[in-house]
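Chains here go by letter, A, B and C, matching the order in which they are written, and residues are numbered from 1 within each.
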């Protein structure tokens, strides 16, 4: 029964809410148990791609079929959701001790888990829409529960963009429903292919709007930074790791299952790629560049990582949009890997926030000696994020590069290169300012986080390395997805992937890397033992160092680089949207002043005027 | 089966004897109001299956249809009567915990509104309709003024505009009578085709303005915000839950049954759309929570009018469903807001910050109602939103659909601002003691979820009501069939 | 077993050879710069003495990350070395791709950056921040060039790209695509941190930047890392643009020529400010690289 996967978490949500009121740890424990149950039962579902479930409802005169089915694609997303939820729930058992909204958190979090599984199992627009809305609304409350003030604004932006897009989606879906009499994807795809291409394309673009918003793709990315930056620290990993991806899931549905690619197949093309696809890829490229530039500027570590999420989504979009077997596989790889390393980063940062209570990077420093495991988790994750071998992040980026070079998409490649090289810059900033450098006096007595918070981080480190060496595990399911969507598959073995003009062999690289490392280690250990001195015992050009605080380089770390983009960053899209809404407010105010200023005689006049005008209109017609 | 005349008669009787009850016991008026509305609901329920079968026509005084005043209770009237009396019932429960200064007079007027509005939807006679509108309005004018000094102005505005409306209405009735020679709705409908087109046009417009004031249509609705803001909560509730529903009913009856012409429906469509977007735009920037709810109410009425005037069966059904939802949700919003306001001692939205943790029931009620209005899945607003979009697309009204959705986005913006304030900001003010509203909140929440998860509950009445409106021939046949 | 021992021996041999060669190149560079500035300069073998001396000295450390960084830096470049064909020694260059080499180099940079910042000296942080910014400047045109080359020859292994230029010296990319070779040369100067792109080490300004806290074996290891990095970068250039070489001698000779030219060019210019450096890289090298790439892909 596929409904179990959806409604058990939703039902558990209310139980978690009630129990959590009595014991602050109960909610997280229930969340962990439910996600573990989900993961286990989903594993049992593997390979059984023929399970479907449907309900017929005659709703207010409309005959509606609710369809659920499982396929490799949705299975993967469901498993990812369940897996990351377990880790987050484990983490939050301890980390939410002092969190005012922990009941609300677990209530909404479980509903989100259920509705996300609902989204990926849905085979028709209405089911998709219902769970999509459920997810949007609950996540709105979750984001609101974050940092004071800013979280509210962020959630607000998020919900308005999401809701606007979702309504547009609903409109298009109902339009298709009226033409075909069904909400099912299959019949919609048939209709769209047969329909006039222009209309079909319009419809599909509108349908993909909510997914674009969720995936944080330029120019609808403006909610991402604030929402991810200010959401509760335990929710950020999920928001960034999983909820952005659900947007990508939607895009894949639109592109393949609703035949978007098939419809635009014969339109004008650039280097064999239909212009519209190229446009999507370009959006991805712009997303990479803006996300990266803005990430480098941030002083708030969560916002920095949020922008980095935006830019990483760009890679995934590019890969999917260029629609080559390598591109698609690379995207799916990157999608999984981004989930893994981004949640690691956010969890590590959550651990830091848990201990220090701040997200401003310049208010910290030197935490490595106090929180070594957290540091290790962060380090591993950023090595993966920056795409440095031998981690999983490099493999996925490498496959995407292969796809871009194969087809010669120069400008997309430049954006991809830019994002990747510049990611060294932004991932190094928290490393350097939070974990390395001088320890702040007020953080002298900080301890490493409790065991339950360490376990998720440890697991994630192991997973990063595991997938870095054996990408074949991931390629197995990806090839099943490709097969399911009708894309050519990519050759792979457990530890190697065949690219277009070269192969990747992670085992070899891992071995050579170890060899190099061992040689260096031998050299190091044969040399004389060194003497350990304190961090303040350093070369200071003859100055006396009085306190650690002023001897830490953290604020505006990349100022010279930021100066290059000051003008660009000042013209933010956010401002543009804000001005728009401000004008909306002003127009409302103006209308009210003009019409409803409280003058009774005017009100009386309106009724007579209306009569006269309507009579005149009637006369003329 | 119980005689439906009682629905009008009993409240009127109880209303005028209210001072006596008050003399007997200070608390009695509250209880009497509750019992009366409960009784009305029982009567309606008792007649439910019969009316679903075929409309009940009651000839007052035993005369035949065209001559005597008759009551006509079809599915539509039943639906509207349920809304009106249901709202009054819920608000009576709410009133149990309220203390008004002149409570005998308050409940007198309260029951009068109930009776008047019920009469509006049940009558089969044009002049009688006018009389009931007047009863309702006059009761409402006075009720508005119960909240002290600030409400006098609102009451006066309503009085003046309502008066103008009456003039238009009366003029329209005069024209109609001169043209047709009868005031029976069915009779007029049957011979409307014979009226001089110009006269018909003018008459219809007169009605549009007269009834449009009750139905809160732009630009006849500027009395509404003042009223909803200043009047006591229960009055705001009954106005938006019951009286406006009756107004919509009257509007629909006149323009679907009496003068069924596409051009009039188009007027209504445009006016409704303008009301919708204007209401939302103004509501968006309100700082006063009741004023915000008032403008939102306006917008909703505009939406309902616009959707119903699309004139297809699906659209009418969608509009009626939205009307039902609107009554439920707005009452919940008004009573929750009322409690929040008295807890904060201010109507300013900013002062409500952080009340979510102190006034749990009220904040929950407000939130769930707001989510209902915004159309969150599994709540009733979702179903009606779905139906509205569907029917409006079906009528090839792309622009209207886009407008409706745009309005919905603006709606999200201002409702969520309040919800966020309630739950996620720090308490700024000292919380005052307030009335307990658990029972109405629970009842209304159950309805919201009930209709959201199992909308089939009212599918049948809605379908029949829509069919009744669309097909005015059957109305005429039923009433005049005996001739 | 014999095979493994042979292979390990091979590894060690190549590592030692590259270290030695790199140090020699560094000595030559110091001599050239001195002569340009009309000084006598240290002897060419001075870097050998430096390294030997450094490994023999007492050193201070600032904690485990400081050690770990140094090891990672040296280990990273040694690993990278095995993916570059040196003359006839092809090693693993058939299997690794050129993009892999670029990213493997990043491991070493990250290690060095992490270790030196871990010392807690803000001057190291400043240096690293500059180095990272500059890296974004020069890597972009370089990757565009690689993009064009891979697209042109349909192979991404360094060995394959080298083999594609076999035959006549006119097939060398230096002559086939001279603009690209010029851009790559400028980038090479940036990569090696030579003037005018040496603001990250600026000795007089930020106390040699990244290496400010390193002494004893740490500085020794970083010197070795530097020497191997030089060899890797030069070897890449030779392989990609000068057609590689039949044997190690010719290969070394080609590397030496590139090195001497780079050193001489570098010593002619004053230091760029960071943002000017980035701007320069994005204006000229990147612009030309893009034009060349467009020419190749169309």
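Basically, a contact is a pair of C-beta atoms (placed from the backbone, for glycine too) under 8 Å apart; a residue touches a chain by one contact, two chains touch by 3 or more.
Source: prediction; values computed, not measured.
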- request: Among all other chains, pick the one whose mean CA position is farthest from the mean CA position of chain A.
  value: B
Statement: Per CA centroids, the chain at the heart of the structure shown is A
Message: Measuring centre to centre with CA averages, how many angstrom lie between chain A and chain B?
response: 45
Statement: Cα centre of chain B to Cα centre of chain C, whole Å, reads 79
Statement: In whole angstrom, the CA-centroid distance of chain A from chain C equals 36
- prompt: For chain B, what residues touch not just one other chain but two or more?
  reply: none
Chain C to chain A touching residues, read off their complex: 11-12, 15, 55-63, 65, 67, 70-83, 92, 95-97, 99-100, 103-104, 106-107, 109-110, 113-114, 117-123, 125-126, 128-130, 132-133, 135-136, 139-140, 143-144, 147, 150-151, 154-157, 160, 207, 212-213, 216-218, 220-221, 224, 273-275, 278-279, 290, 293-294, 297
Statement: chain C partner, complex, touching residues on chain A are 366, 368-369, 379, 383, 386-389, 394, 398, 401-402, 404-405, 408, 410, 413-414, 417-418, 421-422, 424-425, 428, 431-432, 436-438, 499, 501-505, 508-509, 512-513, 515-521, 523-524, 527-528, 530-541, 551-554, 557-558, 560-561, 563-564
Query: Which chain B residues qualify as touching chain A in the complex?
result: 156-157, 160-161, 164-165, 168, 201-202, 205-206, 208-209, 212-213, 219-220, 222-223, 225-226, 263, 267, 278, 281-285, 314, 317, 321, 371, 374-378, 382-383, 386-387, 389-390, 393-394, 401-402, 405, 408-410, 412-413, 416-417, 420, 423-426, 455-456, 459, 462-463
Field: Residue ranges of chain A in contact with chain B within the complex
entry: 58-62, 101, 104, 129-131, 133-134, 137, 140-141, 144-145, 148-149, 151-152, 155-156, 159-160, 163-164, 167-168, 170-171, 174-175, 177-178, 581, 584-585, 587-589, 591-592, 595-596, 598, 600, 602-604, 606-611, 614-615, 617-619, 621
